[in-house]
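Please read through the structure below; I'll follow up with questions.
Per-chain residue numbering starts at 1, and chain names A, B, C and D are given in the order in which the chains are listed.
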Amino acid sequence: MTNIQHVQVDLSTALGKLQLPAPVLTASGCAGYGRELDSYFDITSIGAIVTKSIMMEPRSGRATPRMAETPSGMINSIGLQGSGIESFIEHDLAWLRKRGARTIVSIAGNNVLEFGRLARRLRGVEGVAGLEINISCPNVANRGLVFACNPGSAAEVVAEVRKHAQPGLPLLAKLSPDVTDIVEIAHSVIDAGADGLAMINTLLGMVIDPVTLRPQLGGRTGGLSGPAIRPVAVRAVYQVHAALPQVPILGMGGIRSGRDALEFLAAGASAVSVGTAIFNDPSAPLRIQNELRDELASRGFSRLRDVIGIAHQA
Amino acid sequence: MTQFRARLAGNRAVGEYRHLVFVTSADIGMVKPGHFAAVAVGGPDSAMLLRRAFSIHRVSSKANVGTTIELIVSAKGAGTRWLTSQHEGVLVDMVAPLGKPFQLPKERVPCVLVAGGYGAAPMITLAEELRSRGCRVDVVLGASTESKLYGVLDLKRISDSIVITTDDGSLGVRGRVSDVLPEVMQRADSAVVYACGPMGMLQAVSLVAASTGAIAQCAVEESMACGVGVCMTCVLPVIGDDGRTRMVRACTEGPVFRGDRVRWDAIGSVPADAVGAPPAGGH
Amino acid sequence: MTNIQHVQVDLSTALGKLQLPAPVLTASGCAGYGRELDSYFDITSIGAIVTKSIMMEPRSGRATPRMAETPSGMINSIGLQGSGIESFIEHDLAWLRKRGARTIVSIAGNNVLEFGRLARRLRGVEGVAGLEINISCPNVANRGLVFACNPGSAAEVVAEVRKHAQPGLPLLAKLSPDVTDIVEIAHSVIDAGADGLAMINTLLGMVIDPVTLRPQLGGRTGGLSGPAIRPVAVRAVYQVHAALPQVPILGMGGIRSGRDALEFLAAGASAVSVGTAIFNDPSAPLRIQNELRDELASRGFSRLRDVIGIAHQA
Amino acid sequence: MTQFRARLAGNRAVGEYRHLVFVTSADIGMVKPGHFAAVAVGGPDSAMLLRRAFSIHRVSSKANVGTTIELIVSAKGAGTRWLTSQHEGVLVDMVAPLGKPFQLPKERVPCVLVAGGYGAAPMITLAEELRSRGCRVDVVLGASTESKLYGVLDLKRISDSIVITTDDGSLGVRGRVSDVLPEVMQRADSAVVYACGPMGMLQAVSLVAASTGAIAQCAVEESMACGVGVCMTCVLPVIGDDGRTRMVRACTEGPVFRGDRVRWDAIGSVPADAVGAPPAGGH
C-alpha cells in the first residue's frame, strides 16, 4: 500500500434493499455468531455479520476430523453444527442486537418446509437485517439434498422462504459452484423471489489421509474453501453479473486481501464476505475493508459503488 | 486473547524439540498454565493458511524488553517444520492466550502431573504454581524414547517425586505413564491429576483417576483450524452439567477438560445420545 | 522420505488394455510433445507422454496474456495452439517414436465430426499407444462447445471416435469437473465406448487484473490447475471409481509429489498425469514417480496395483 | 539447459535493484549474453508455483568454488520480493541457460546497445564480447529515474560512448532512449542494435533501426509460466522466414528476436493473418 492519497472513499453499498455502510461481511460458518471476533476488531465497523447457518433443531454436526488443510485452502465437513433456532434467537441474536451489529441470518433446512418454518420463526424478530438462504451446503450426507444443484428445488426453497418471511425482508440465495450452469440456477432463484445472490459456497472436495489411505474427514467429502478457489468464485460472479446485471451479489470465495475484494467488486459483486481468511487472521474482515479503501483511494475512486461491475466495461 | 506480532528471539534444540522464544511489545494479559497460542505459519505467500496451536510453555515480562513467550515445538508437518527452521528476528503473527487453562485447587491437596512428550511444555509453570500454593507435586513423564522427553531436569528440581517412562526403556521405566501412575497416586494420595499428552494417554489417565476418586484435568489436542472458536472443527464429545453430551470446542471450552466429562471412547464419532446427533445414516 | 526399506516395488499398471510399465504420465498441454522435457529426465522412463491436444488444422491459440498465477495454482487460456495433425504426425510423433517414448495422443475437435476425422487420420499410424479425447477444454470461446458438460454430446464424440479409430486402440475420455454430476458424464462416455477416463481437466476460472480492473487473460476466462484444485480432483476420482469400479481412471489435478499421486491411486486411479507441477519443476514426472515408489515401499506395498482404490475399503 | 540447485552467496542493493550472486557445483554448459535463468521461488510450501525468468548478468567458473551466476532483480511482485529478501546460504532451484542468446556479428561492425532499467543486466557481458571481437560499442541507457538505471559505470568503462536518458531528467537527458538513439546511431554508423527492455522501447528501437537499415536484436519480456517451452504462455506474433506470422514461444525461440520480425503492434492479440488465426469471433 504505497502512495495512497488520503482521499475520502465512500464505502457504503447495498444488496438490493439492504443498505450497508461498509462492504465487507463475514461468510457464514466462518465467524460463529460474531461474539468471538469482537475481541479482535469492532464487529459493528464492518458491513454485517452473516451467522453460521441456523437450523430448526439442535444439531451435533459430523464426526471429527472435520477439516484438512490443502494448498492455499482447506476442506471442512462441519455438518451444520448448532443449537437450533430457539437458542440462536435467545442467546446469539440477542447478543448481536445488543452489540449493535448488523446481522444477516443464514438459514438451512433439511427439506423445503423447514426452510419456510425458519423464515416464519424469524418473522418480526428484531435485529434481522436479512436472510441468506443456504441451499448449497455440500456437507449434507445425501448429495440429493443439495438444493442448489437443481434449478427446480433451489427455486422451491426460495419461494417457500419468500412466502413465510417477514414481507420486505431482503433474501439472498447462496449458490453452489458445483453445477454445470450457475447462471441457470441464479435465474431460477431470482425468479422465485430472491432479492440477491450470495456466491460462492465451497467446492466439493476430498483429501485422502496419507497414513490410513482412507478419506481424511469424518464426513469423507468436504467443502473446499480459501484462496485456492478464488478464480472459480470470481468467474462465477462475473458470469452471473453479465447475465443478470441488476441482481445484487454478495461475493465470496478466497478473499484474503483488499485487492482480492476489489476483484469481486470489479466482477460485479456489490459487497463481499470473508470466510476462511478469518482462520488465518481473526481481524481479517476489518483489515480487508481498510485495505479495500486504500486500494480504491490509490486508484482515484471516491465511491465504492463506481467500481462495481467495472470489469464488464470495454 | 490478543492478536500481536512477535519477534523470534531464540530457537534452540532440546532433545527432538525446539525451544522457541518470542518477544512482543504487546500487552497480552494474564497467561496461565494450560493456555495456548495460535501461530500463523509460512509467511505471506505461503500455501498454509491455518494457524498452529501450541501450549504456552512460559511467559515473562521485563521492562524495556517486553513480553517473552516460550513454546516447545515438535517439527511434525509442514507448518511446524517452517516454524522451527526460522531464524532469530523473524516476525510471526500470534494470538494468545487462548482457551481455558488448568483449574487450580483451592486447597493444599497433593497433585500429580502427567505428561507425554511435549505435553510437558505447560507442566513446569503449572508445577511452580501448585508448589507456590503449597501443594505436593508428583510428576510422571513419558515418551516413546528419551530424546522425546521434555522438562526432566526442571521437573525434577521442582517436584516432590518424578517417575519417567519410555516405550523403549531408553530412560526410566519401560512402559507407559499409565502403568506407573496408580502406584504414584497411591503413594502420594493424589487428589488431582493434571495431564497433557496424546488422547490415548489422557483416556488412560482419566480411568486411573476415576478409579481412585481423584479429579483429572486433561489438556486435549484436537485438530484446530482457527483456534479462536469460530470454525467448529475442534470439537469432541463432552458431558455437560446437565448430564447430556454435546460436541464442544476444544479451543474455547478446552483445551483443559475434566477427564470424567470427556467421552474418550467416542472421540472421532458423534455418540448417538449426543444433543442433535444425526438419525441413523448421518446428517 | 525417511526409513524406506529398499524393497522392490512393482510399478507396472494398466489403463484397460493399455499396459504401462510405470504409473506417471504427463498431462496434456503441460509437456508439449515430450521433446523439451527430455533434457530434464529420460522421458521413456515414465508411463507415457500425453501430447498437447492435437486438432485437424494449425491453430494460433488465444491472445496473450495467456496465464495468471493464482494461489497454489494458475489459470491459462492457451486456446489449443498447435500446428495441426499433419505436422504433428510428421515431426512430433515421429520424434517420439524414434525416441522410444510411449505416446498417448490427445485429440480435440471443433465439432463431433472433426473428432472422428482425427481418429481416422491416426488409424494405423505407428507409435500411438492410445487416444485421450479432450472433450473438456474450457478455453473454447463458446461455453456451449464444452462437450464434457453434457452427457449427450460427450457420448456423441466418444462414439464417433470409437467408430473411426484403429479397432482396439485404447480410448480415454477426458472429463471436466465443471458439471453438476460427473458420474453421469462418466457413465455416458463409457457406454459410448471409452475404455477409460482421464480426469480432471481444469476448472473454469477468472482473474481480474489489479491494474486495469479487467479480466487479466486474453481469453477472459481460463482453466484453473495446480495443487489448488487437487481436493476437487481426488473427490471426482473417488466418486467415479465408487460408481464404476471396473473403469480404469487416469487421475490428475494438482499432483506435485509422490504423496499426492498416492492419494489419486487410493481414490481409484490406475495411473496419474502430472501437469502444472512441470512448470514448477521440469523433472517433476520422474521425481514424482520415484517418490511414489518410496511412498509405497515405506508402507510395505510391493505392487502399485494393490493400492488402487484402497480408500474405498472399510 | 540444466536444472540445478544454487546457493545464494551474495545479495546487495544496486540502486533500486538487487544484485544476486548464486553458486552451484553443477556444470551448466556455455552461457552467452541474452540467455536467461528460470528460478523457482517461495520454498516448498509456497503458494507460488511458477518460475521467474531473469536475464543472466554474468557467469564465471572457478575451481573449488564452482560456477557463479549473477542476476539483477527488480522486486516487483511477490516472487521477486521473496527472492530479493533471501539471505545468503539459501538454496534455490534454477534452470539455465535458457533461450536463444543475442546473435553476434561475424564482422567488426559498430554496434549500439540500448537498455531500459534492468534490461542492462545482460549488456555488460555483451559489450565485453563485442569489444573482444573488435567491434565499436556505443551505449544508450534509459530508465524512468536515476535509481532505476543499471550498469552505468561498467558500461561507461567498456563502451566507446554512452548516453543516458531518464524520464524525469534525474540523470542524463530527460526523455526516452529512442529520442537519442537516431543521433547515436548516425554518429557511430551502427550496423547492429542490441536492445533489452520493455516492449514499447523495443518497438521504438526496432523502428529506428529499420529506418537506418541496421539490424535490431531485441530481447523481449513475455509473461512466462514454465520458461522451458512446454506451456505455450509466452508467445508473441513473429514473422518467419516464409513471411508468415506465427505465435512463437519467447522462451525457446526467443527471448532475442530480430526487431523487424516481431509484429510489435499486434502483441497482446493474434493478427488475423497469423497461421491458424481464429475466424472472426475467436476460438
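We take it that a contact is a pair of C-beta atoms (placed from the backbone, for glycine too) under 8 Å apart; a residue touches a chain by one contact, two chains touch by 3 or more.
These figures come from a predicted structure and were not determined experimentally.
*Asks:* Can you list every chain that touches chain C and also touches chain D?
*Replies:* Both-contact set = A, B.
*Asks:* Identify the chain pair with more contacting C-beta pairs: A-D or A-B.
*Replies:* Looking at contacts between chains, A-B has the larger number.
*Asks:* With centres defined as the mean C-alpha position, give me the chain A-chain D separation in Å.
*Replies:* 46
*Asks:* In whole angstrom, what separates the CA-based centres of chain B and chain D?
*Replies:* 55
*Asks:* Could you put a whole-Å number on the gap between the CA centroids of chain A and chain B?
*Replies:* 34
*Asks:* Averaging over Cα atoms per chain, report the distance between chain A and chain C in Å.
*Replies:* 34
*Asks:* Can you list every residue of chain D that touches 2 or more other chains, as numbers and ranges?
*Replies:* As it turns out, chain D has residues touching two or more other chains at 47-48.
*Asks:* Indicate the residues of chain A shared as contacts by at least two other chains.
*Replies:* Counting only residues that touch two or more other chains, chain A contributes 71-73, 226-227.
*Asks:* Give every residue of chain C touching chain A within the complex, in rising order.
*Replies:* On the chain C side, the touching residues are 70-73, 75, 149-150, 178-181, 203-208, 210, 213-215, 221-222, 224, 226-232, 234-235, 238, 254, 259, 262-263, 266-267, 295, 299, 307, 310-311, 313.
*Asks:* Looking at the complex, which residues from chain B come into contact with chain C?
*Replies:* 47
*Asks:* If we count contacts the way the header does, which residues on chain B are in touch with chain D in the complex?
*Replies:* 42, 44-48, 78-79, 82, 87
*Asks:* Please name which positions on chain C make contact with chain B in the complex.
*Replies:* The touching residues are 71-72, 227.
*Asks:* Would you pull the chain D residues touching chain C in the complex into a rising list?
*Replies:* 1, 3, 40, 47-51, 93, 95, 222-223, 225-226, 228-236, 246-247, 252, 267-270, 274-278, 281-283
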